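The chains carry the letters A, B and C, assigned in the order they are written, with residues numbered from 1 in each.
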Amino acid sequence: MIETYSSITPLIAVLLPVAAALLVLLTGERFRNLRDSWSTIAALVMVAVVASMLPDVLDGRVPQTTIIEISPGIDIMLRADSAGMIFALLASSLWVLASVYAVGYMRAEHEHKQTRFFVAYALSLGAAAGVAFSANLLTFVLFYELLTLVTFPLVTHRETEAAIVAGRKYLTYTLSGGLMLIGGTAWVHMLGIDGTFVAGGLMADESISKATAWGLLALLMVGVGVKSAVMPLHGWLPSAMVAPTPVSALLHAVAVVKAGVFGVVRMIVFVFGAELLREMDAWQVIAVLAAATLLIGSMLALRHDNLKRRLAYSTISHLSYIVLGVALLGPIALTGALLHIVGHGVTKITLFFVAGAINAHTHKENVSQLDGIGRQMPITMGAFTLAALSMAGVPPFVLFTSKFYLGWGAAEVDQQIFMVVYLVSGVLAAGYLFPVVYRAFGKRSPDHVAYSEADMRMVVPLAITGILALVLGIVPNLPFSFFDLASEVARTAFDQGIPITGGAQ
Amino acid sequence: MIDEIAARFPYWASGVLIAVGLYGMIGKRSLVKKLIGMNIFQSAIILFFIAGSMRDGATLPILLIEDGHILTPVDPELYVNPLPHVLMLTAIVVSVAITGVALAFLIRIYREYQDLDEESLLKKVR
Amino acid sequence: MLAALIVPVVARLRYELGFILALAGVGLSAAASIWSLVYVLDNGTMHYNLGGWAPPVGIEYVVDLISAFVAVIVTSVATLVIIGTRRWADREAGDRLGSFYGLVMLLITGLVGMVVTGDLFNLFVFLEISSLAAYALVFLGGGRAMLAGFRYLILGSVGGSFYMLGVGFLYFSTGTLNMGEMKDILTDDATARSVQAGAAFIFAGLGLKMALVPMHLWLPDAYTFAPSSVNTLIAPIMTKVGAYAMIRMFLSVFPDGYLKDVVPIGDALLVLGLIGIIFGSVAAMSQKDIRRMLAYSSISQLALIAVGVGLGTPLGLVAALLHIMNHAVMKATLFMAAASVRFTSGITQVADFTGLGRRMPFTMGAFTLGALAMVGIPPATGFFSKWYAVQAGIESSQWIVVAVVLVSSLLTAVYLFRILESAYLHPLQPEPSHGHDVPDGFGETEQELALEAQAREAPLDMAIPTVVLGLSTVVLGVLNAVIVINILEPGIV
């Protein structure tokens, strides 16, 4: 089935962004263009490195690196399994685009302390890769905490009063979550259980009392729940929108929050396992919380006029799509959830890219200010439209595909009610996004100034991601075999095959 | 009852002195009195040790030796335990050293502030 | 091992070249400690009888894994600190530099002596030696330091006397002062009330030296007002040796389990420790002077060590011992950074740390590393002592320990991150800089640039030790398994 072999590649993937950060730091402000290129170069190399492991992983041969024994009996170990590959590929490929975008944005906004920004940005990717490839609980905790740490300067970048408050909130939430994780991990080890992730649950064969299991579940799930913005742990996300948009785009649509839901996947699928959770009936609690977050998040999104806030609540909602999918404990639902990680990442980043481009170029922040902007920035708003269609779950966009699997997955485990939840949310998504499109293209602009497209460095990436949202829907295995990876995870977790509907490969 | 106390008199005295010493250190405002309290406290402990080394009817722990012959009886039961005495010499030295340093402190403080009362000193130094 | 004791004493001479001798003294001591550690790792415990008199008549020196470990920590940290605070010592001791270093050497002698001795009374002697030196060193600060030093003297002597009293009780019950022998004797019969009383007094005395709540009153003032060259030295190492002494009691003097079942010392330590952790962190949050903040923080961390000891399990002791190392390194880093800051700009209040991240990048960088370690971010060392402590708590089903340790991390983050925030995030001017600033892309205004021209990093001989200490917090963290497996776990048997 799955065979691991020793390889240094996962470690290289994690260290690459760190090296990039170092280069950025050393290059500094004087050689700005060189400095800013390091990120993109590193991102491209990182994608290549991670992708190089893909053929082996698909074959069932998983590269693994043991770095050091850090506590008696526990190693820091990296393993590029299918689930990790999904996250790592997503993060690194989006980093390529985001790094270009970030340069455009930062220059357009004349942001200060750009060196610090790019250093932290790169380090975040390194931490994210570490999270993706963690092979056991302690390694996961390590990179999770590091991720919190390196994203902090990004959240507080602008150094305004609001930014600092948001940063404190961010830290309080995420550090507390981290402490829960530490507690849970210590407990697992004290029970004598090895913390290495196993598809199907590392606790599956152990005999644990119900009380212990619930305690562990509470600790570990809250720990990852904070970064997944499951209600009521979501408070940090909307305020974090005060950060510059490249931060919101990559980190709070992709790296940090996806690390959170990835953590949920790890916990549910690789730590507890479906059987145990079914015995405990615990999945119902998680599912209900997720469903609630799903709906409430979408509803709150309708209320906010500030575009980034709206997108923030949309993110909160969609993260729970994933959590719910995982909590349903079915292979099809799991596949859908994993696909949604990818799809949502691509789609949401597009939306944020657009918001940032508009903001940088026209200083507009609110939806109500966007009348007629579509005519002036057609490519930008075109991408937004593509993404909006995807978010609403319109075929053949990627989020339709993932929602399809999610809904089907709900049916598979006889929880049709959640199918309904998904559908309703899709309608709500249309509700908070389509009006933007309509206003942008349908109405006249009240401004006297005629805007052109924003800086190309911003527009090109967002166009690419927008198109990707469509392409991935039609051909989910392009370019990185995401679908195959997802089904691989589901298969090993549940020992079942996943039917493929349409689509190439 | 009186017998009991009488028999263990040194120990009781030691306890009382410890209490007195502690009171002095904490309850008194004058720095000098605190120091005296500390001295009392330490002396009490030394007293305790010495008391502990006593034995009924025992005598000084000195052997008389002449020409290689030991003149006094060698039974250890007849002698007062010398080890605590030795230790207490050390303890006394320590106490003296501490007191010396403390007095040096007090002299410095007095030179600067002309006052050795804790509360008024606190105000002056603020 | 013996060299570790003698050299510092010999170096106590009244010279202007005091620094060089002091450095030599402590450096040699450190080297000797390291050599001892290696020796013990290879060959097992070292024994040495002073003057050739075997116990119980004579005084025996014992160096086992744990003693060597603590000795290495104490002397290495001291070496770095002495290098780093040379300029402060110059400034603060002036023409009495010779005596100053003499006192420092006495301090170190005392501490190392405490670590290597195998005799209970000998420990008292060395304890008082180091304490006296410390009282005098604190006193040198003048002003409030004089009062702080006096109070330290009084309270410290009480502690020492209590310890001595406890030893007295034990001696009269067992007839020996040798630690190893005492354990054998007590194992046979340890029910006497006097032994229990003795144990109580010993721990009371050591607890006071360790600033265990509620016996901590001397510490905040002493750490705050002492000269910078002094508090940087004392804070990381002095209280640790007191903690070491406690652990030594647990391991080598009292029979296993005695301190839990017969006399509830373990529980007392546990409870007082837990209270201390919370109290220290909470008190630290409201402090305005950084030295006082670090002082209360130290109380909190020492309490953590007490909790580890109080749990009494091997895992708990590992956590405590590791934290001795960790806290020594972390606190040394933080105090060195604070001393550097005070040296270059006279700043002591947290509120004045604004913008220091830019002006003193290396110093504040090291401070950041230390702070992150204190909060417990992996892979820095602080994380691991908390990790083991949490595990020990779970193992003993003392959930409150788990909760308190984890919460304390959060509290620590609050007071330390405030400093980091102000150092890195607030610009050097009162107005925060927004995005649309001077178009040179830097975003700095003229005012900022002018201030920056005045700014200077600490001199090299201060900055380097600070950075070394800071980096150690990470390096030692990564290597902690090596330390635990090879030194601590075998040492506890």
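In this text, a contact is a pair of C-beta atoms (placed from the backbone, for glycine too) under 8 Å apart; a residue touches a chain by one contact, two chains touch by 3 or more.
Predicted, not measured: the structure shown is a model, and the values here were computed from it.
If subunit C is disregarded, contacts among the remaining chains split them into A | B. Chain closest to the overall centre, judged by the mean of its C-alpha atoms against the mean of all protein C-alpha atoms: C.
Annotation: 43 Å between the Cα-based centres of subunit A and subunit C.
Centroid to centroid, with C-alpha atoms defining each point, subunit A and subunit B lie 71 Å apart.
Subunit B and subunit C have Cα centroids lying 30 Å from one another. Subunit A meets subunit C in the complex at residues 29, 32, 68-72, 74, 76, 107, 109-114, 141-142, 145-146, 149, 153, 156, 158-161, 164, 167-168, 171-172, 175-176, 179-180, 182-183, 186-187, 189-190, 244.
Against subunit C, in their complex, subunit B makes its touches with residues 22, 25, 31, 34-35, 38, 41-42, 45, 48-49, 52, 83-84, 87, 90-91, 94, 97-98, 101-102, 105-106, 108-109, 112, 118, 121-122, 125.
Contacts from subunit C toward subunit A in the complex involve residues 372, 375-379, 384, 386-388, 390-391, 394-395, 402, 406-407, 409-410, 413, 417, 421, 424-427, 432-437, 439, 441-444, 478, 480-481, 484-485, 489. Interface residues of subunit C, counted against subunit B in their complex, comprise 121, 124-125, 128, 132, 135-136, 139, 142-144, 146-147, 149-150, 153-154, 157-158, 160-161, 164-165, 168, 171-172, 177.
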